[in-house]
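What follows is subunit A paired twice: with subunit B in the first complex and subunit C in the second.
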Partner chain A sequence: MKSYDAIVVGAGHNGLTNAAYLAKSGLNVLCVEKNDYIGGATVSRNLYKDWFYSNCSYVCSLLRPEIYRDLELSRHGLQVTPYGGGAVFMENGDFLGSYADHEVHYREYARFSKADADAYERYSADVMRQCKFIREFLLRTPPDPASFKPKDLKELAYLGAKFVEMGEERMYDTIRFWTQSVAEYLDEYFETDVIKAALSGSGIIGTALGIHSPGTAYVLLHHYMGEVDGNIGAWGYARGGTGAVAEALSKSFQSYGGELRTVSGVEQILVKNGKTAGVALSTGEEISAPIVVSAMDVKNTFLKCMDKNDLDETFYNRVKNFKIRGSSGKVNIALDGRPSFPALPKGSPLLDGDMHFIDSMERMERAYDDWKDGTWSKDPYIDMVLPTVTDPTMAPPGKHFMSCFVQYCPAKIEGRDWTEEEKEQFGETVIDQIAQYSPDFKDLILHMEVRTPSTIEDEIGITEGNIFHGELTMDQLLFNRPIPGYAQYRGPVGGLYMCGSSNHPGGGIMAAPGCNAAREILTDLKRPDITPVNFGDD
Partner chain B sequence: MSERYDAIVIGAGHNGLVCASLLGKAGKKLLVLEANDQVGGAAVTREFAEGYSSSACAHLLYQLQPQVEKDLGLKIKLAADDIGTLSLGTGGEHVRINGDTVSGVSEDDATSYREFYKRMTRFSDLLRTYFNRTPARLAKDASKADMLNLAQLGFDVRRLGRTEMQEFLRLIGMNIRDELVERFDSSLLRGALSLDAVLGTHLGPRSPNTILTYLYRLAGQHGKLSQPAGGMSMVTDALAQSARGNGAVIRTGMAAKRIVIDAGRVRGVETQGGEIFESNMVVSNADPVSTMMCLVGTKNLETGFTRRVSHIRMRGNAAKLHLALDGLPTIDGVHKREFGERFVIAPDEVYVERAFNHAKYGETSEKPAIEISFPTFRDTSLAPAGKHVLSAIVQYAPWELRAGWSDETRDAFQQVVVDTMTDYMPDLAGRITASELLTPADIEKQFHINGGHWHHGELALDQFLFTRPIGGSQQYRMPIDGLWLCGAGAHPGGGVSGAPGRNAARAILKQEKSA
Partner chain C sequence: MTVTEVDLGRYQSPFYPRQAEIDRLNRWHEWKGYSSADGFYDTTLEYFATRNSAGAFDITPMTKYRITGPDALDFLDRLVTRNMRKIKPGRVAYAVWCDDGGHVIDDGTIFHLQEGEYRLCSQERHMAWFKAAAIGMDVTIVDETEEICGLALQGPTSFSILNELGLSGIDQLRPFGLANYDFNGTDIMVSRTGFTGDLGYELWITNDRAIELWDALFEAGKHFGIMAMGTAALEHARIEAGFLAPFEEFLPAHTTVRTGRARSPLELGLEWLVDFSKPCFNGRRALLDEKKNGSTWRLVKLDIEGNKEAHQAFIFPKKNGGKECGFVTSAMWSPVCKQNIALGTVRTPHGNVGDKLWVEIYYQREMHWSRVMAEATVVDKPFWDPPRKRSTPPEPY
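Up next, the complex of A and B:
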């Protein structure tokens, strides 16, 4: 039986980040992946001719720059190109643009409402303040409020101090921001329906909640707290597709001597005498290691890959009740050319960004009602991008790749599995909504891949295909993530760790959980902490 | 020549009366101005048809704080104590809930419910402690008392013990639906509990936050329901008597027009009739929006403050139905002697959620969720002999009805409600001799509550504790010298609890002592 110092289960971006840090520290590390490709949902796949599909995650912003620099991802080939622009197409033929240029953006909002254009300045400043607050904590391990250990008390005090530093009014604002719905939050700034609709999307992406559900204002942060080249809130594409992030991480990992094995799904995490002993692969092979780090979501880790008898009953039940809900789907399309959108002037920079087709708050909320009723939204919120406009390497010259993120899409239809026919209808729903604004779009389609939460689960393994590995609701954030008492990346069995997005600070290609888990492991091993510290904001 | 008082309370609702009585007890010369002809605000008994009376808004008492009763030496005569709940099912199968016991469900559910109730009441006890205190101010330079208050909160949460503390911190932001679905198989039980969590709010069972609203409900008497003899006026009349006993002058039919402010400080109150009463202290039992926007006026306020107040969410969603009946209706599977219980029509949590869907778009529910009581069963004083009253709280009827509230829309909704109840009480329609439906628009008009919201502001985590009514004004004191808030818009919120009124009085007296 082969043995290692540590085995990381799952070669998604967090697994690879974690493995890279452990290897960098000098440990003999094996990273195992069930698929024949790495990356998990951080992947590019060649599914049609010369097209590379970012068929799960499709944009990049949250990746912590500290990790990017520390693991030399640039040297290992990762390049993130920012993109700007974006538009919401309106039913009345008009559109709402989102411009990278501040002055132009102001004028665009003022076209609808002068007050809203002014309010946008206040809104941006307020959201940025919240971003700066949370950014402090991305590369830190949450304290356990139920513990009396000096480390936890110190971290709690740190959190408290940062909070108090904001000043009295801002503290109240912060409490409200963390508890409010995105709709109510936006109501406090804006009066124009389409502007609110445009901004509210970021509060529900990947979330099984509607824009009116309390707690969704916080989700905004997961779309604003990232950066590209130091521009906070900016978004970009990894050149060559999202898989480039995983490729660079894996090269970094291997450069530190780490070993990577694909087509090696873990059947079970082995426990002997109350301690982690290694893993059993689905091939029957057993590999031993005193440390096993799971990059899978918590449900997969504990409900599928562990023996129930090795787990405490309360713990087991809490994992069972952890909420990972399939709420979004994906439609990926190979296009013969660039579709036109007559509502916008040809060559408009808005066409380079993300496009949306829901222009009112009511339509946003109604999309959620369909999901609650156990079906996909008949008038869905689509986040549509053409990465090939910015990064032509993903498709042959003149051709394009289109990624449509679709909200809401349930894991099951009224409690039962999707039929092929329904999957097709779901694809049609998406195509039809876009075609309303692009007359030549349908004719340009060469190939299309429709992904429901269950397709994603079957392929990648994430429970219900949830992009965050678990809802970002208050009961599952910070010291409650993934479950109370286990927010410090340690599993309930000695030697077992968790480094996936089910852990603080959550999903998106951030790599923070992977890095934070490595820090805790190194601490337990009494090895020097080589993980990076927060760069800090100005 | 106008009269001078030490303090003027605007509004003789239950909180205004509690506050007035306590201030009077401390020796202040007090005037209470009430717009309506009857004291009690929304906590009153009114005759809605000849010979038939009912509590106008809240019809059951479960939140009155024991501290209030104790401080004022109140004796509330009850027509019924310990009222149980029947969650109505079809085919005569109902679920009966009382305290920590439930019948009509599986053994597992009954056990699980007992555990659920035990945990929830434990958490609500913790909240109750804080409901009877002024929330701390969050600031670097907060007072020692505030720091102590916060530390105590942290200490109390920790004292729950590791597991329960974790559960508390997890559950407090959660929705009730998830917790119920995880625990119970019985849909009628899930339905009844989810309705309890959303009554009076603009939330559905799937909205995060509804565990908090459920706990809020339990934070008075652990959810134990009682019915005051003679309806809600029994409570407010007793409070008025207590206030008068403590020297307060209560003048009804005197609506406040404005709070007189001079050089940034309160000087008195001017009534709609043009009378001016002088005082250096005004305590408003009106909701915060009415108080600030109408009675004070934005010209006297700082813009940031105005903006925050104008964003307080207070759109009412509950309607109140009163029916005069020539006899009790029949309900399949319900014995005649059980009509003193509370009935709920909420067959499951999905039903309640679907009812809520309409409210989000400014429509009334097609199939509303309803809480029903027959007050006359235990209290014959409310109707002619042998006749009965049906009193129902109906969710959801949004204040901002898209079609607008008119006699037609009101009648149409009343028909929907009666039809829904007829599914369970087939002979109901034939027994109705008179009726009254109060929509949130009616409640707004008749009881002067902005948005017709019973809680004077949505009860949600973002408008709770430190941020109720708005952050920085959670200590009952408004940013104008001499102006205080004592109504449900202040901490902890609505319900016939008396807590905001008592807390405000204590905050006022404490401030004077330290001054």
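Up next, the complex of A and C:
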């Protein structure tokens, strides 16, 4: 039986990051992946002729620049290009633009309300303050508040100090911010419905909650706290599609001597005498290692890949009740040309940005109502982008790849599996909404891939296709993520670790859970900590 | 006698009418008497165009001389430190020329257009120096700055765009090559050169055809992400490429007032441009002495820890205290390299490749200033050096 110092299960971006750091530290590391391609949801797929689809995740902002630099991802081929602005199309023929240029953005908001245009400045500063607070903790292991270990006390004191540093007024604000709904939060700044609708989208993406549900204000923060080259809140595209992130990580991992095996799904994580012993692959092969790191979500790891007898009852039940609900789908489209959007002025930079088609808070909430009723939103929130506007590598010249993130979309229809017909109807819903604002859009469609939470789960493995490996609400954040007492990347069995997005600081292409888990593993092995520290004070 | 007064305003490049149409920023500066744009739409996006698709930069204000005559080669070979006899027709040479003390007067590119005919492009104007250098030689030097305009097309899709433009045979043009191509029935000169360190070309044409070229190029590039690009974007690209800029990494020797402010090619890391096997070129004796006795300064490329840009920073050999050993001349966070990079000048013996130095960085956050000492590693290679820069034929899109 082959043996390694450590086996990382799942070659998604966190698995690869973790594996890269372990290998860089000198360990003999194997990373196993069930699919015949790497990346998990961080992937570019060639599903139609010369088109490459970022068919799961499609934009990049959260990826920690410290890791990007430290693992030399640029040298290994990764290039993230920012894109600016976007538009919300309105039913009355108007639109709300979001512009990269500050003054132009002000003018656009002022077209609807001078007060809102002014309020946006205060809103930006308040959100930035929250970003600054949380960014301190992205590359740190959360403290265990119930522990009296010096390390935990110290970290808890650090957290407290950063909190107190904000000042009294802002401490209150922060507690409210972390628990309130995005709708209430936006009400404190804005009066214009379409402006609130435009900003509220970031509060529900990837989350089975509505804009009026408590906890969604934090989700908004999760979409603002990233950056592209120091521009906090900016988003970009990985050149060549999102898979370029995984490709670069994999090259980095292999440059440190790591070994990668695809088509090697893990059937079970093996435990012997209460300690991790290795993995059994679905091929029947067993590989031994004293350390197994799961990059899978927490439900997959413990409910599917472990013997229940190796786990305690309460732990098992907490995992079972971890919220990781299917709430969004994806429609990926190959286009014969660039669709026109007549509502936007010719030559407008808005044409190069993201596009949305819901213009009121009422419609945002109604979209959630459908999900609660066990079906997809008939008037969904769509985040639509055309990465090929800036990326010449993903489609032939003059042709385009369109990525539509669609919310809400349940894992099951009224409690039962989706039918093929329903899946098609879901795709049609998306097409129809966009076509309302783009008369030539339907005629340009060459190929499309419709993905519901269940198809994502079937292929990638993520439970209910939840993009964050579990919802980002206060009960599942920081020392509560994934479950209290297990927020420091260590599983309940010795030698078992978790490095996926079910762990702090959560989902998105961030690589922080993978990196943080590596630091804890190296600490346990009494090896020097080679993980990067926060660039600080940005 | 009626005298027409010289133009009192800034010149406009022949491409200006098109630039004015697309300009959203209204941010212009002066470049050798011309209006030149900092940027047109968004300087960040323009920068990324050169790394991701293609950026078109107006190089019209470059000083351009046509050098012809039986002694043109002898003239150039004596002028510059590089061996010009190796530069065959159809080739371009990057070169520097020095004063008698071996100090760099300027750098530039010399295009060998055909046997006995050259074009020299530089930042500064040099007619006085060139005329003096040409005494006794049968050579004609004509300033053609105002007759010829140029567009640099730089970035990974630049080759595909020129292909789309119909420049047949452009796939065979090698780095530092030049050739004439048919463009709408007459010739256009294209060189595979640029200031971005990426795949790229420079297109040279007479002023009367500028608009025709601009329109054709942007039409050909519409599916290849072409974007007009201003100086802000170019400046970032050239630092990543590790290229020197006059008045940043060196001062043209003739402009310096204080002793010791000029630099030799050896001090600028340009020893590869100095061919001591040539029996004579200006500054040879002084440079031979310097080679024997050692240089005072050394230009370094720095990879700096953290993400605080090291603008105008002092460089120290040690983290704490001690005297500084140099200063940063150009600095930036490199978006494509994801590195905090800088060019700087340090006193020898500091600055060997692999040396660890310290950079004192001041940065401001919400009015307050902070200071950090960041470790900097001296590196050898350009920060940005994609293989596509060298491949012939380049990869099509």
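Worth pointing out:
The working rule: the second predicted complex is superposed on the first by the 537 of 538 C-alpha atoms of A that agree within 3 Å, B and C clash if a C-alpha of one lies under 4 Å from a C-alpha of the other, contacts with A are read in each partner's own complex, and residues count from 1 in each chain.
The rule is simple: contacts are C-beta pairs under 8 Å (C-beta built on N, C-alpha and C of every residue); 3 or more make two chains touch, one makes a residue touch a chain.
Computed from a predicted structure; not experimentally measured.
Which of subunit B and subunit C touches more residues of subunit A is settled by the count: it is B. When both complexes are overlaid on chain A, the residue A:T390 reaches subunit C alone and has no touch with subunit B. Of the two partner chains placed around the shared chain by superposition, subunit C is the only one that A:P349 touches, whereas subunit B remains out of contact.
In the superposed pair of complexes, A:Y68 makes contact with subunit C only, with no contact to subunit B. In the three-chain superposition model, subunit A touches subunit B and subunit C at no common residue. Those residues of subunit C lying in contact with subunit A across their complex are 24, 41-42, 44-45, 48, 51-53, 156-157, 160, 164, 223-225, 306-307, 333, 335-339, 365, 370, 397. Subunit A meets subunit C in the complex at residues 65, 68-69, 73-74, 79-82, 84, 100-101, 228-231, 239, 349, 389-393, 397-398, 535-538. Interface residues of subunit A, counted against subunit B in their complex, comprise 145-146, 164, 167-169, 171-173, 175-176, 179-180, 184, 187-188, 209, 212-215, 314, 321, 323, 362, 365-366, 369, 372, 473-475, 479-480, 483-485.
Residues 137-140, 157-158, 162-163, 165-167, 169-174, 178, 182, 203, 206-209, 304, 307, 311, 313, 353, 357, 360-361, 460-462, 466-467, 470-472 of subunit B are the ones that touch subunit A when the two sit in their complex.
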